[in-house]
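Order of writing sets the labels: A, B and C. Residues in every chain begin at 1.
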Amino acid sequence: MNDPAEDFARAVEATLFAAAEPMSPAEIAAYAGPEGDVKAALANLQADYAARGVNLVERGGKWHFQTAPDLAHILRREREDSRKLSRAAVETLAIIAYHEPVSRAEIESVRGVQISKGTLDVLMEAGWVRPAGRRETPGRPLTFATTPAFLAHFGLESRRDLPGIEDLKAAGLLDPVDLAFDALQDAADAELADEVEEEAPFSPSDG
Amino acid sequence: MNDPAEDFARAVEATLFAAAEPMSPAEIAAYAGPEGDVKAALANLQADYAARGVNLVERGGKWHFQTAPDLAHILRREREDSRKLSRAAVETLAIIAYHEPVSRAEIESVRGVQISKGTLDVLMEAGWVRPAGRRETPGRPLTFATTPAFLAHFGLESRRDLPGIEDLKAAGLLDPVDLAFDALQDAADAELADEVEEEAPFSPSDG
Amino acid sequence: MDADLAFDLQTLPAGDDDQLTLELGSWEGPLDLLLALARNQKVDLREISILALVEQYLSFIDNAKALKLEIAADYLVMAAWLAYLKSCLLLPREPHVEPSPEELALRLQLRLERLNAMRESGARLMARDRLGRDVFARGAPDGLRVVRKANWDVSLFDLMQAYGQIKARSQPVFHIVHRRHVMTLDEAIERVARLVGSLVSWTEIRAFLPETDDPVFRKSALASSFLAMLELARQGRLELDQAEAFAPLMVRAA
């Protein structure tokens, strides 16, 4: 520390560290002082830092510190957030899976509701849906289809493993309104019959 | 470079260099990876950098690089000192730091004057002071304490590093006047009692 | 670093106390002024002469009055209190006066010590190597990034359920009126007339009803057959008889 060259190098080091922009040797000298050899100090510092996690680099005559290129990957961290897919996204995904390849207009006609751009983006970002070429009809609409990642996530060997309409019906997942109505009706009739039996003036038991 | 500990230290170094804010060891580990000893790496890096123009420091459990204090003269910016604090703000900050958590009324009783509204605001805006809950006494007064940013700004590893805090504590200068008065009174009484005992014609030992 | 102190500890000019003609605005209240005066005694605050301090304060306030400076009320309140303290300290002590003047003086001294301690601590704090003034963090940090990767929580069941609901929603809805199985009156008249024929023995109405497991149809057949018998009786083609109310209804050909 008593070595003037070393003190000067420290000053250059601190100046570059605190700088908001890369600096030329002349700019560095304006801080570190005129008495030292800026270039020699920079060369020494560059050597000092060569093997470290931080390097001193020159770009177009200006110098700055940067993290070592081989460590770039650690400076971004992935975080997994468990999130619920929106109802619109689940429905859109289901329609694509059952009808692929399918255009946006077709998805909307099945859903009966428009879909926002974000919905398809979410599905594509999740890696489950991909653009699947244009349909050769007027307007050449883009179509969408599912990906192998979609099959993997949902544990399907192929799209043929998706339960068919009849399977859905059997599972009670396809519950049309009139089926429900019939069920209600039957229940009401049965109740009426019971009443008749109880109150009948001409009860068979009287015979 | 093939030494895993050295590779890990490089990762810690790069992480702290890239960070915009001081980081705790746990935060560092989230980037540098779980396989290394962050604290050991920090201690080594701190030693590596001790004599350089840039130092690694710990402030309130968080670590960051900063320029060496002895180079202040070359780096100090010649801008107007807009952060100059009023005397009231400096005293209030000191009272909070040395007494925390402390209520407004307690601050006022030390200073002998009311705190003007802007004083605490300035300290909170600087990020040095934060509300620290209510005291469970009549009126439930809000208390104030300092923040990690306060420690970082004033170069304190922890509140124990507050200049002179141990001496002030030992001298009772951080105790309220009432408490200090009672303590003095007790000491005087005890002394008086000793004298009485020494001079008493009817000392218990005579009995 | 002293140049950077937010305030100068040596506020008071050194010199004779009666030359203190600074404005009151230089102090933050009477305690602040008292501390400045006390520090001027140039002794440890623990050894300060409270009596001398009181004298200085009172004479300062008097001078200020002479200079026709506006004197804030709290300075005058403190002056009055100090004048009282002074008289207590000087006059022969009255026993049993609580609190004693010595206690009041001690409390004043303790307050001054505490204010002084904090004032000095504040100055030492301000004189430290401060981040952004004396020491600097990295000027252009690259920054650390957190890339959020969504882990979508959706199951095959959710998918199937959603598709089922879309299908259910979009299927055309047919309203079908349920056809009920009934016996019309014409049918009943034809049937009862045929069954009664030339039956001469009294027979219960139940025997004329068709075999059925459908309780609704049975009810309809009973009602229609009863009406048919009433009609046939009106035409004189059969006779009806009932022994009493709710007794079985008996039928035979007329």
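Just so we're on the same page, contacts are C-beta pairs under 8 Å (C-beta built on N, C-alpha and C of every residue); 3 or more make two chains touch, one makes a residue touch a chain.
Values in this document were obtained by computation on a predicted structure and should not be read as measured data.
**Student:** Can you tell me which chain is nearest the middle of the complex, judged by mean CA position?
**Tutor:** When every chain is reduced to its C-alpha mean, the one closest to the whole-protein mean is C.
**Student:** Quick check for the class: compute each chain's Cα centroid; which one is farthest from the centroid of subunit B?
**Tutor:** Following the centroid criterion, the farthest chain would be A.
**Student:** Suppose each chain is reduced to the average of its Cα coordinates; what separation in Å results between subunit A and subunit C?
**Tutor:** Taking the average C-alpha coordinate of subunit A and of subunit C, the gap between them is 33 Å.
**Student:** Determine the centre-to-centre distance between subunit A and subunit B, using the mean Cα coordinates as centres, and give it in whole Å.
**Tutor:** Comparing mean C-alpha positions, subunit B is 43 Å from subunit A.
**Student:** So which bits of subunit A are touching at least two other chains?
**Tutor:** 14, 17-18, 65, 67, 75, 77
**Student:** List, in ascending order, every residue of subunit C touching at least 2 other chains.
**Tutor:** Residue numbers touching two or more other chains: 136-138, 142, 144.
**Student:** Given the complex with subunit B, which residues does subunit C contribute to the contact?
**Tutor:** Residues 4, 6-7, 28-32, 103, 106-107, 110-111, 113-115, 117-126, 128-138, 141-144.
**Student:** Going by the contact rule at the top, pick out the subunit C residues touching subunit A in the complex.
**Tutor:** Answer in residue numbers: 136-140, 142, 144-156, 158-171, 173-176, 178, 204-206, 215-216, 219, 222, 246, 248-249.
**Student:** Taking the touch rule as given, give the residues of subunit B at its contact with subunit C in the complex, in rising order.
**Tutor:** Listed in rising order, the residues are 15, 17-20, 31, 64-69, 72, 75-76, 81, 83-91, 93-95, 97-98, 110-113, 152-156, 162-165, 168, 171, 173-174, 177, 180-181, 184.
**Student:** Which positions of subunit B touch subunit A when the two form their complex?
**Tutor:** So the residues of subunit B touching subunit A come out as 1, 9-15, 17-18, 30-33, 51-54, 65, 67-68, 71, 74-75.
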